[in-house]
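Starting off with a structure, shown below.
Which chain is which? They are A, B, C and D, in the order written, and residues in each are numbered from 1.
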Amino acid sequence: MLSNLDEMAARIGPRMHVALPVDYAGVAMAMTRPIIAHGAGELHLVCVPTGGLQVDQLIGAGLVHSIETSAVSLGEAGGAPRFNQAVKDGAIHLSDATCPAIHAGLMAAQKGIPFMPMRGLIGSDVLRNRDDWRVMDNPFAAAGDPIVLIPAIRPDVAVFHAPMADRFGNVWIGRRRELAAMAYASGETLVTVERVVDGSLVDDEMTAAGVLPALYVTAIAEAPRGAWPYGLWGEYATDVDELKRYAVAARSAQGFADYMSEALRVHP
Amino acid sequence: MSAETLPRELLIGTIARLLEGVRHVAVGATSPIPAAGAMLRRALDERNGVPAARLSILGSVRHNFFTNGSAELFDAAGQGRIDAFFLSGGQIDGQANVNLVGLGDYPRSEVRWPGSFGSAYLYFVVPRVILFREEHTPRVFVKNVDFISAPGVSSPEVYRPGGPVALLTGKGLFSFDRQRPGFTLDSLHPGHDLMEVQEATGFDFAHPANPPVTPALDASTLGLLRRQVLNELEETYPAYVADWRRDLAGLGEAH
Amino acid sequence: MLSNLDEMAARIGPRMHVALPVDYAGVAMAMTRPIIAHGAGELHLVCVPTGGLQVDQLIGAGLVHSIETSAVSLGEAGGAPRFNQAVKDGAIHLSDATCPAIHAGLMAAQKGIPFMPMRGLIGSDVLRNRDDWRVMDNPFAAAGDPIVLIPAIRPDVAVFHAPMADRFGNVWIGRRRELAAMAYASGETLVTVERVVDGSLVDDEMTAAGVLPALYVTAIAEAPRGAWPYGLWGEYATDVDELKRYAVAARSAQGFADYMSEALRVHP
Amino acid sequence: MSAETLPRELLIGTIARLLEGVRHVAVGATSPIPAAGAMLRRALDERNGVPAARLSILGSVRHNFFTNGSAELFDAAGQGRIDAFFLSGGQIDGQANVNLVGLGDYPRSEVRWPGSFGSAYLYFVVPRVILFREEHTPRVFVKNVDFISAPGVSSPEVYRPGGPVALLTGKGLFSFDRQRPGFTLDSLHPGHDLMEVQEATGFDFAHPANPPVTPALDASTLGLLRRQVLNELEETYPAYVADWRRDLAGLGEAH
């Protein structure tokens, strides 16, 4: 089950649906360049529930055909330049969502049901532009009461970064349970971790409480500071200066290409 | 009224007033003024000996009460456990529709913003949503938004325990009437007048003939803000607090 | 937020819907006698997802009007005698369910939605006897594909036992996340714990991963060995002999009354 | 064939055979024979150098791979991550309907059993459900169950990737044909004959004219069972294992 970045990147094939986590949950940034190097394209990205640097870089590298997301941005460092340009160019197909709709779609996959009902949305242009969603009247109400149904989101593969794993394939995700939700819903799950520990993480109730069990994990690779320039909760902070450096560089396609072709900088 | 109140302090104090009585307020990431407003509310509650507002800051590790991933905020809101929330918008119109997606035709927006985030849900289920946008210009406050991330009002058959109650800008404070529907200018911030606000606003709004001035913070509240809240905020927003301290130093109020 | 057993029992009023956990998750057995002493009756019990000794004792004490459950038994000690007798006598109203249907109902309440779809059930007498459930055709399928809709279960109060809490009201539930699900879905949550610790359980990511936050917790009381004669995972084992002693005693109403009127035995 | 194989060992070995090729099998609490069968499957896989079956025992702390509460088993089954599961029943009929609720009219059952547990779901979604009931009598195997906790078959429009594949009793092994639908007697355990089984079964079933005998465990498998599996099982089922050891001692096979 222990693998390396390149082997894991090679599991991502053309036209796959790839689930990626929100900035602060644990982004496997160390996988970004190997995925680009491997080069499987026409990917459909599912942001859980929003995207950032990794999404922008995969778009900039031309690997992305379509994206379902509630937002893409670099947070404090501003808008996501390659995403914004691709939108303007009509180069990617957009499925704009709202955060709980993405959680609902993953939950439907987790539960093995075809859809989840969800409140809100009615009257929004988010709903108006989603012909894959449905509206029906709540059958438990006396009359009326329209409610949106979100179909199951079943990614082919989920990719994220976590503090640690054991050699049995159990991954410690702590309270970032959206990572578990991604894994439950996905066919495969690829995880980079800060470190691999010797003992079993499920043998102790304290660590077990934060574990995604090996049952859901396809492969794990060690990647110290693997979320950089994002931070990892409880481990290290986001390198905002690096995000800003990227935000400036990636304003143009050439600047993006130059940034990406730099040797991977030694991070602090 | 204290002449030395900074504009940002007036906004923070106004938010704290708007949050009176809430049990739990959630604040988005990169929102220092709403966060400070919520912290001031909590500090005032503690001073007044009433149950203090609970505060969750999304994306924060320290001010994060949640242990079930990023879905928990939305679950808690759906359970009725979040009383107040803030929304902003690249555009906001007179029906309180909010646009967080972009300008021009969708999907090929001329200007693309990040996206709708949780607005299309939270705006429906959080009872007290405060619209906050400091920039008060006709490009923000438009007649009709180009894309409705979340609608301000819904027809009666739609489940909607939540929605907008107020709009706070750099020029004034509006309340929102869901029945009419529409905004009413409640007060103007010091230094702004009605005609200026009308010209800066792309939609019509109701107003008293002579709108009052937004009440300033009393000395005790201002003290609480500049001592306790400023320090609490520093942990999450160090750059913002440094800037604020510089402004205070300019007032001769350095701490 | 720190309370005691009698104060917590007093929060349970007549006709309330009360959610109780499965045997091995953490049953607040220490609350059983205080609840009976307080005496609020006509309760509706929701077993998450099955019931055991506590349920049998509340039924035996005459406090229960109705029950939704996937099963009631004493496990290795056999059938639940007071439950079985009440069923035979028609003394309680039964809503027989299946485990994932109860989880689905609680999940609907957690999500603030009126219902959850669920696979299975069609053609069973479980479904046939539930006029509060609905069947509809999956709107995402081309034709047919009936699916059951389970309405939200919103208990007034959830009652359970956990290893520890802090004085801020955070409760450590470890990987027994059905306890969190109960609390999310319920109006109030009453918790007994083995011990109250000094520091905050959410300040450390390791403990935080297993915490039900204070936001969902109404009151906490310390009750060492409070699950006895049930065990508590990671703490102590089930006292099967005591369960068997109860199972024999409670075969008759008189035997049950005698058992319950004994001074609470000192447990090992 | 070893004359010294105990009846329970034949059942365990048969279960291990029925589980060939599964990636993940879940076993209910208080089910020592299915648990032992799954453990034997895992041991055989390891011996044969193929990916070993994963085993989850519900309610167990040690053999519990789950960290998301008691809903996770059902979620995992819905995701297609559970290949095999065991069901029993107070009554089982010729359509493979299972009754775990009680005898007589519902809801005022004359005899009440605990309830349906997860059967009304798992029977639909787990591909390889093995019905296991040691007691083979007409009161268990009835023409029609009094209450259908979970039906054996469903009409074609019903989503049903799972269902019964086999019925194992103290007297024999049946396979289940979902098309017909109905059971076929595949083999008789040593010491039982067809007429006896027909008399003990309240429903009709297909059978060869001369049903074969359920194959016994080969010496290597029996060795694996009595050494490795017996020790593994002891942790969860100490009383059961003690009893088994006594039986082995009676065979002169004490360990």
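Note that contacts are C-beta pairs under 8 Å (C-beta built on N, C-alpha and C of every residue); 3 or more make two chains touch, one makes a residue touch a chain.
Computed from a predicted structure; not experimentally measured.
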For chain C and chain D, chains touching each: A
Chain labels contacting chain A and also chain D: C
Listed chain pair B-C, A-B or A-D that repeats interface C-D [over half of contact pairs the same by residue number]: A-B
B-C or A-B, whichever has more C-beta pairs in contact: A-B
Gap in Å, rounded to a whole number, between the CA centres of chain C and chain B: 41
Distance between the centres, which are taken as Cα means, of chain B and chain A, whole angstrom: 29
Mean-CA-position distance for chain D and chain B (Å): 60
Between chain A and chain C, centroid-to-centroid distance (C-alpha), Å: 36
Per-residue multi-chain contacts in chain D, two or more chains: 66-68, 78, 125
Residues of chain A whose C-beta touches two or more other chains: 107, 111-113, 118-119, 145, 147, 175, 180, 208-211, 233-234
Each pair of chains that touches, named by its two labels: A-B, A-C, A-D, B-C, C-D
Chain B residues within the chain A interface of the complex: 29-30, 59, 61, 66-71, 74, 78, 100-102, 106-110, 112-125, 147-151, 154-155, 157-159
Of all residues in chain D, those that touch chain A in their complex: 24, 54, 65-68, 75-81, 125
Touching residues (chain side chain A, partner chain C) in the complex: 104, 107, 111-119, 134, 136, 138-141, 145, 147, 149, 151, 172-175, 205-211, 233-234
Chain D-touching residues of chain C, taken from the complex the two chains share: 22-25, 48-50, 69-73, 75-76, 79-80, 83-84, 87-90, 94, 96-101, 103, 107, 118-127, 129, 143-147, 175-181, 233-234
Footprint of chain B on chain C - complex, ascending: 109-113, 180, 184-185, 202, 208-216
